[in-house]
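So, here's a batch of structures to check.
You will see two complexes here that share chain A, one where it goes with chain B and one where it goes with chain C.
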Partner chain A sequence: MFDTPLTFKSGAVLPRYELMYETYGTLNADKSNAILICHALSGHHHVAGYYFDDAKNLGWWDNMVGPGKPIDTDKFFVIGLNNLGGCHGSTGPSSNDPLTGKQYGASFPVITVEDWVESQARLADRLGITQFAAVLGGSLGGMQAMQWALSYPERLRHVLAIATAPHLTAQNIAFNDVARSAILTDPDFHGGDFYQHGVVPTRGLRLARMLGHITYLSDDAMADKFGRELRTGKLNFSYDIEFQIESYLRYQGDKFAAYFDANTYLLMTKALDYFDPARELDGNLNRAFAAAKAKFLVVSFTTDWRFAPERSREIVHALLHNKRDVSYAEITSAHGHDSFLMQDAQYFAVMRNYLNGIAREFSV
Partner chain B sequence: MNTSIIQSRPDFAAIAAWIPQGSSVLDLGCGDGSLLRYLRETREVRGYGVEISDANIAACIANNVNVIQNDLESGIADFEDASFDFVILSQTLQATRNTESLMQEIVRVGREGIVSFPNFGYWKNRLQVMLGNMPVSDELPYQWYDTPNVHLCTLDDFEFLCAHLEIRILARHVMANGNDVIVMPNLRGSTAVYRFRRDA
Partner chain C sequence: MFDTPLTFKSGAVLPRYELMYETYGTLNADKSNAILICHALSGHHHVAGYYFDDAKNLGWWDNMVGPGKPIDTDKFFVIGLNNLGGCHGSTGPSSNDPLTGKQYGASFPVITVEDWVESQARLADRLGITQFAAVLGGSLGGMQAMQWALSYPERLRHVLAIATAPHLTAQNIAFNDVARSAILTDPDFHGGDFYQHGVVPTRGLRLARMLGHITYLSDDAMADKFGRELRTGKLNFSYDIEFQIESYLRYQGDKFAAYFDANTYLLMTKALDYFDPARELDGNLNRAFAAAKAKFLVVSFTTDWRFAPERSREIVHALLHNKRDVSYAEITSAHGHDSFLMQDAQYFAVMRNYLNGIAREFSV
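Up next, the complex of A and B:
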């Protein structure tokens, strides 16, 4: 619980808010082994492991984070949090506004990556962490990690920016706009205040997720996994689910719409669209990264067309221009944007080796 | 570690001898980062490597060496003019395709370039050709059918290319079996290291 009002980039003020977080491992005596994991669009604080009363609820990055894993919780004190505006325990549109006694809904301010970093810095203050060993994340999480290096250059030693971009392209914003349109035009959305109507814009949220899911996979990965396979083995000349890919997408859409908040989805996609550290510097990314002092590891995946390797190279280029320490690995992977969540020998070797290097800088 | 590296790669010591403390260095085709690590430990250089192989990227990161995964022939275009004190190409020149344009890129990005390569004019190589076979040796360990080397040259050939590209050679260090070769280097030297810059 934070009682100091947070002023957003938009000018809106949130008088008080809660942040849900989880920690793994032990903070060392001089508090130099902390790692902050920033989540992507649909992520949350539950990064690794499972709860003793819920063995099925495995953390979203459990293959990467844990004892003996690349982000080794025997060495690091790892923090996962649910971002402000989220729907997994932190204050967000589905939380109750103490001023009105009703859910925030449409009145929850549009949030930016900078606002998140500000709220995360206050969480670090609360935990007594003045400098992170590393801040890292994939996709939208990578944007937060980069923003950390720009907003608080002294408060972190390393950034691991994975499958991310210095800003979204027009095509990428376009995908987000279609996803938002699906939600905004759902009759059950009620301008964002659907909570009071006792309904959920399930149809919109489901479509948004289905669209997103297509863009997170590669053409080849989809072809390999589903091909043109038919559910019943024959054409039915109807608009019901026929191809396996349709079945899969609808399943993913339904699953997501059952637990995710539509307003949070809108906020997350807006934060993605707005992120652009070079915007106020005539689009000059070199100047934007002049503020960074951290060492960087930048990782991209060959088949990721939503956050393509070219976009990661722009980040690398700006860091090289500023003579910052940076390594860049381009992982050959078939799984598109989703690759950053999957186990891959080369990806994990790169992560493990880099993190071992960070661990050598402090004594556990 | 340092001594073993120098024993296995005599050109590393020759390269390091030319690099002042605290220089900035770009190592093209940096392998597992051994040279950059050696230069960091002995010369406190600020360095980056460019490397294409997955295994070498992971090895460089384990060596705590900055490395950019890219094809060195196209990847060097990302680097700005005169952004490094030295651009190094060690034992890789003979395996590059666009050797001429790469040499020009080296002197564009680096204030100086350092290149080491096996001398095809070494007498043992000439002897093997004369006896009717493509040379196979410590420096050229491949058979003709599996070699990555597409642009082998002699010292004279390299110097001719430099003159053609208006690149001025500043120094040359020729070796055989780890010893310096002064007399008749194009015949008696098995490995050469050159230091050069754009003739302007």
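Up next, the complex of A and C:
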């Protein structure tokens, strides 16, 4: 429980809040081996391993994080947290507002990447970590890692920014707005206060997730995996599932809508839209990154059309302009934006090598 | 009124139907100068000019079709029709079913590109046109033009297939399925029989159109036109319109939902999904195009990611394999899939030259 009020970029104030986090590995004596993993849209604190009472509940990045894995918990003390506004234990729209005794719903403030970094810095204070060995993440998580280098340049030595961008494009925002509109116009949304009505805007959340999935995969990956394969082998001339790709998308949509909070989804997409460290600097990313002191590893994936390699190169160029130490890897991968979550020899080798380099900077 | 029953590819039978069409120019004595223009998803019969009582109601392809324009109505007799299943005058789901006295709604059969060509052939019979100088269209219209060459190889001399593809990809189908799901799950859809309930599935139709618009435009065109411009110049930290791109998309969605029929939208997207002349030939497009006798002009646009140039080249290769006469133009254009509707010097020159060549084949 954090009970120092947190003032958001919007001006809204959250008097108190909880952050749900998990740690892996052991913090060394001088607290120099800590890594913060920031999650993307639908992620949470459960990054690696499984719970003793639920062997099926594997962490979302278990292939990357663990003993002997690229983010090696034999060397690093790794923190995963659920972001503020989330729906996996940290205070969010579905939490009870102590002032009203009811769920926050629509009254939970719109949150930004900067606000998350602020809340994460307070968690670091609580854990006695004055400087992270690295802050890292993919997609929206990469934006938080970059923001750390700008908000608290002295509090981290490395940023690993994976499959991310210095800001969303108009097309990215457009996709987010369609997803949000699906939720906002669902009659069961009730202006965000659906909790009190005992319903969930399942239809909207399902559409949002279906659309999201299209943008996470590459055109080629979809073609390879599903092509034009029919589920029953023949055309059925109805609006039921006809092609395998429809079956996949609807399944993903239904699964997501059954557990994710609609207000959290809205907050996450807004945080994506807003992130733009160059916004108040006339769009000049070089000036934005002048504040950064950390060393950077930037990773992109060739078929990621949501956050294309050219967007990562913008980050690299701005860092180089500021004479920062930056490594860049453009990974050949067929899996689109989702590549950052998938096991790939080249990608994992890049991560392992870079993290081994970080580990050599401190004594375990 | 056509009262010879039409059997659809699905096996469904439509006992009678009306087709709304417009013509431009004059049919010559030997009826050799007729051009059929097939429309895409949201098009209709009103291709060019305006009505005497409504100067604002300009045809959807007025920049391309008219006296002295690339499709020159001083030379050609041009037919535009509203496709069967449409909502602009031809028999469709919102028409009254004479058997029940109620609107067809959900009972209107799922229709395919082949079915449209059949209905269009009957219209040609009615007009006494045994052979078209050309059948042409963009996007879904291009699919109909190609199907003409396969269904009735003797009944047309040229196909102009613009911004189209030999079949949709898994990604294309996925976008269509999200759009359909938005409509199908709108509580006001009532399984397709919303007419009887006095409501319209506006929310679903609006989402479908918003999503469609993203895929019609290129990423670059959106960036150039809207970028990250804020509507009020500052962040407002709410779910109201924040960025200009959101304003544009929502406006387009609202406008479309106010006039277009939801069942027609579903039918059009299914026809897109189903079109696949190689489907029953083990996916072999070369074999599919063996039936074609027409000469082809195939046109694609560099930034069209919905129907990318490589998809047009598949058509070209299959035609060349069959030693057909084919011209191909890949137009450099910033406007994505929508390019086929927009004025562009290179594109219009290609169209004009090709059509002038056709005009030289007959005596006006």
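Methods note: the second predicted complex is superposed on the first by the 364 of 364 C-alpha atoms of A that agree within 3 Å, B and C clash if a C-alpha of one lies under 4 Å from a C-alpha of the other, contacts with A are read in each partner's own complex, and residues count from 1 in each chain.
In the analysis below, contacts are C-beta pairs under 8 Å (C-beta built on N, C-alpha and C of every residue); 3 or more make two chains touch, one makes a residue touch a chain.
All of these numbers come straight from a predicted model, not from anything done at the bench.
In the superposition on chain A, A:Asp177 makes contact with chain C only, while chain B stays out of contact range.
Legend: residue contacts after superposition of the two complexes on their common chain; A:Ala29 is shown touching neither chain B nor chain C. Residue contacts after overlaying the shared chain place A:Phe237 against chain C, while chain B stays out of touching range. Contacts of A:Asp325 after superposition: chain B is touched, whereas chain C is not reached. After overlaying the two complexes on the shared chain, residue contacts for A:Gly227 are found with chain C alone; chain B is out of touch. Chain A has more of its residues touched by C than by the other of chain B and chain C.
Interface residues of chain C facing chain A in the complex, by the touch rule stated above, are 9-12, 109-110, 167-171, 173-175, 177-178, 180-182, 184-187, 203, 206-207, 210-211, 213-214, 217, 219, 222-223, 225-228, 235, 237-239, 242-243, 245-246, 249-250, 253, 266, 270, 273-274, 276, 279. Here chain A touches chain B in the complex through residues 297, 313, 316-317, 320-321, 323, 325-332, 346, 349-350, 353-354, 356-357, 360, going by the rule given at the top. Residues 24, 46, 48, 54, 57-62, 64-70, 78-80, 83 of chain B touch chain A in their complex.
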